[in-house]
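One chain, subunit A, appears in both complexes that follow, with subunit B as partner in the first and subunit C in the second.
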Partner chain A sequence: MDWWLLSPEIIVATLALVLLILDFLLPAGVDRKKMGVFALIGLLAALLATLDIAGSKGQLFGGLLAVDNLSLFFKIIFILAAICVFLLAHDYLEKVPGHRGEFYWLTLTALLGMMITAASSELITIYIGIELMSLSFYPLVGCLKKNKASTEAALKYFILGSFAIAVWLYGAAILYGLTGTTDLAKIAAGLGKEAGPLMYFGLFLLLAGFGFKMGLVPFHMWVPDTYEGAPTPVTAYLAVGSKAAGFAVFLRLMFTAFPALYARWMVWLGILAVLTMTWGNIAALRQSNIKRLLAYSAIAHAGYTLIGVISFNATGAAAIMFYLFGYLFANLGAFAVVIAFANATGSEHIADYAGLRWRNPFLAFCLALCLLSLAGIPPLTGFFGKLYLFLGALERGGWLLTLVIIAAINSAISLFYYVNVIRTMYLLPPKDTGELKSSPLLNFTLVVTVAGVLLALFYFQPLIGALQANDLMSAAWLK
Partner chain B sequence: MDVLYNLSFWLLAIITVGSALMVVTLKNLSRAVIFLVIFFLGVGGFYFLMQAKFLALIQVVIYAGAVAVIFAFVIMLTPGLPGTKIRQSLNQGVALIITGLFLGSMSLLIYKQLAGAGKAAGIEKSLSLKDLGQVLFTDYLLPFELVSFVLLVALVGAVLLTARERGEGNGGLE
Partner chain C sequence: MNNFLVLGALIFAIGAYGVLTRRNVVFIFMGLEIMFSGVGITLAAFAQHIQPASALGQIFILFILTVAAAETALGLAIFLRLAKTHGTVQADKINELKG
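Moving on, here comes the complex of A and B:
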């Protein structure tokens, strides 16, 4: 076994443990923000380690963990998300008095859980990865103890999350009972060409559990409340990291274990995708709170991303990875502006964003760019992501064409509410004309994310090329 | 032997399902916890019937023992909770319909599966303590170690959510 392939996980786990011990040992007077700097350095090391092993392939622990392009790419997404969250949280944590060390620890363990989830190719490891991630998120969501919304969000997320994972486990137990193995590749082999009704039921339960993690309609009830109530850096982390982890493992499960049942599950997922896109966008139209708006937009985006799974080809898989990569930057940028605005004014209402152009042109410009990228306007990353998802679906053909048309109509609907925010910022007169300051660190984060959104033209081709050249799934049936 | 097996199976089934029903319908939480203990013991009995002796032992020690005691403590320590009547669900009718649908489709599917060609996969390994330890420390070493992380996360998360902030007074005694 090549331990070097495990280096990103080892670095993150060690970093988390060292921070936990440091938090315990350091006297109460020492500013815990220094731990954030330490964590950032460690995360950069983990990012470098991941980039170093990019392109390699391997099976660790007798096939429990897979090191391949899919898992490595998602690990890069997660680590980037964690870095941005640390940058965003630095100022925000002023509001969380006292126990900051735990915040860093939980963020890192959530990262570890995501990395394990994305890499695991066996049901028990998937379960433990998901639980590690979710259990880290529950307290993070509720860490504003004095805030009723935060506590409510955590409670809702916790109860619904536990229920969803219980349903998932039931499905996994049925799969194990029918095939006698928890290894995804062996499940595919044991499945053969046909499956009994019980197998479909098990698959359906697994789908419900993953649907909760990815925020698909009708398993989305927790998303708006949790996103709104959670501390904003945690919301950004949830929206990017937790969802990407769900998609990574879902992609692996469907592509590795259930290719034989494709004809059946593509219909289910198609219905889910249409419901998710449409409901997310229609509900987003009526939101007056920017975090709720972004929550519903996150639901809609989960619907688009699902098209990549339904396409069930290499293009679709690569498209999901690229799409989530662009989504990471656009979403984190949008949340960074929300944090900067809330730090200065304490408000999250879209109406209060009126005239932001005069109060802080930089923030207004960044938010506008990120929202346009989320809407999928041409030169930005979001456009290429969507284009690629649609290409994958068209390659598959059949009724997926209808799906692409529905997704395109939905993109047009989504333009309404994204542009409405931009109109508020640029055209409406401000109620309060005072200048709105944002901290240098937030500005730096914004520059990074906006660079990610803008430079898509330059990394679009190489990235997609690299994804395809290294046969992504390395499975014969994908060709 | 067969008669004895069947008899104990049905006895356990009645006890388990009956106590589970009591747990979700009783309005007095203290009584519900007592039935929860009986339910846990019934499930432990099933494990025993299936010759998973270690699992049965764990079920009794951890669930019927530790978990139920924690439930009891929480109920006792929450002011005004012991002895009060609380409706468990806002809408028991809907819950009943959903549960019924789930149960019905599940039973139907299992029946169909067993009637058809599809059978459950056989278990290759026995479930003795020795085998369990061997599997945990060889094949499943990584998940096993990760579980320790999960436990630590739960501990620290509980601290984050419940500990008082610095300078917030001592124990709320003021």
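Moving on, here comes the complex of A and C:
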């Protein structure tokens, strides 16, 4: 076994443990912000380690963890998300009472959970990865200890999350019982061409569990409440990391273990995708809180992304990766502005964003750009991501054409609420004309994310080329 | 084996029923734990029947038990926090966030 392939995980795990011990050893009065700087340096090392092994392929621990382009690409997404979250949280943590050290190491253990989830090719390892991620997220969501909304968000996330994982486990138990293995590739072999109702029941339970993690309708009830109540950097992390981890493992599970049942699950997922994007967009139309709006937009985006899984081809899988990559930057940029605005005014209401153009043109411009990318306006990353998702679906053909049309109509609907925010910022007169300051660190994060949103203009061709070399797609049953 | 599978399914269903109908979060949480037990029984029955020589099923159960213990500790911490901020652990009285 090549331990070097495991170096990103080892770095993140060591970092998390060191910070955990430091947090307990340091006296209560010591400022914990230096831990954030330490964590950032460690994360940069983990990012370099991941980039160093990019393109390599291997199996760790006898096939428990797979190192391939899919897992490595998602690891880069997660580490970038964690870096941005640390940058965003630096000023925000002033508001958190008591110890602040736990934020840093919980973020890192959540990152480790995501990395394991994306790499795991076996049911028990998937379970461990998801639980490591979720158990780190529950306290992160509730880390504003005196805040009622934060505690309530943690409670709802915890109860529904545990319920979903119990349902998922029952599905996994059935799968194990019918095939006698927990290895995804061996499940596909044991499955054969025929499957009984019990197998479909197990698959359905697995889908429900993952649907919760990815925030698909009708398993989305926790998303708006948790996103609104959680501390905003955690919301950004949840929206980008937790969802991408869900999609990474879901992609691997569906493509590796269940190709034989494709005809059946494509219909289920098609229905889920239509429900998810339609309900996400319609519910987002009537939101007045920007975090809730972004939560419903996250639900709608999960619906679009699902099209890539339904396409079940190389283009679809590459499109999911590219889409989530663009989504990472657009979403983190939008949340960075929300944090900057809340730091200055304490408000999260869209109406209060009126006239932001005059109060801080940079913030208004960045938010407008990120929202337009989320809406899928060319030439921003979001547009190319959607284009590739649609191309994958058209390659598959059949009734997926209907799905593409519904997704296109939904994108048009989503423009209403994105443009409404931009209209508020640019056309409505401000209630308070004072200049709105944002910290240099937040400005720096915004520059990074906006650069990511614009990256597609120059780099999307080589990026997509690299993605299509993905080894998941080279499997024989994939046309 | 079938009897044990039915028992596992029944216990899982009882737990799910408890989660969906109870109003006190501690009871909801007990329902969750019962669901995990149901999964464990199902796994044990399958493991004994399809591959008695392999430890795979038992390993799965051990992991579920371990993680469930961590989850219990975390859940109780959240409920404690809830009792302090809201003064209640009744799920239907905790409704600040909606829409």
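Assume the second predicted complex is superposed on the first by the 474 of 479 C-alpha atoms of A that agree within 3 Å, B and C clash if a C-alpha of one lies under 4 Å from a C-alpha of the other, contacts with A are read in each partner's own complex, and residues count from 1 in each chain.
In the analysis below, a contact is a pair of C-beta atoms (placed from the backbone, for glycine too) under 8 Å apart; a residue touches a chain by one contact, two chains touch by 3 or more.
None of the values given here were measured: they were computed from a predicted structure.
In the superposition on chain A, A:131 makes contact with both subunit B and subunit C. In the superposition on chain A, contact is made by A:102 with subunit B only, not with subunit C.
Judged by the touch definition given at the top, the superposed model places A:149 against subunit C, while subunit B stays out of reach. In the superposed pair of complexes, A:139 makes contact with subunit B and with subunit C alike. By the touch criterion defined above, A:348 reaches neither subunit B nor subunit C. Of the two partner chains placed by the overlay, only subunit B lies in contact with A:197; subunit C stays clear of it. Of the two partner chains placed by the overlay, neither subunit B nor subunit C lies in contact with A:91.
By the document's definition of touching, of the two partners only subunit B reaches A:64; subunit C does not. Contact with subunit C, but none with subunit B, is seen for A:163 once the two complexes are overlaid on the shared chain. The interface of subunit A with subunit B overlaps its interface with subunit C at residues 124, 128, 131, 135, 138-139, 142, 145, 154, 176-177, 180-181.
Residues 13, 20, 28, 60-62, 64-65, 97-99, 102-103, 105-106, 109, 112, 116, 124-125, 128-129, 131-132, 135-136, 138-139, 142-143, 145, 154, 176-181, 190, 196-199, 201 of subunit A touch subunit B in their complex.
Those residues of subunit B that touch subunit A in the complex are listed here as 105-106, 109-110, 112-113, 116-118, 120-124, 139-143, 146-147, 149-150, 152-154, 156-161, 163-166, 168.
Only residues 5, 8, 12, 15-16, 19, 25, 28-29, 32, 35-36, 38-39, 42-43, 45-47, 49-51, 56-57, 59-60, 63-64, 67, 70-71, 74-75, 77-79, 81-82, 85-86, 91, 94-99 of subunit C touch subunit A when the two sit together in their complex. Of all the residues in subunit A, the ones that touch subunit C in their complex are 123-124, 127-128, 131, 135, 138-139, 142, 145-149, 151-156, 158-159, 162-163, 166-167, 169-170, 172-174, 176-177, 180-182, 224-225, 228-229, 287, 289, 292.
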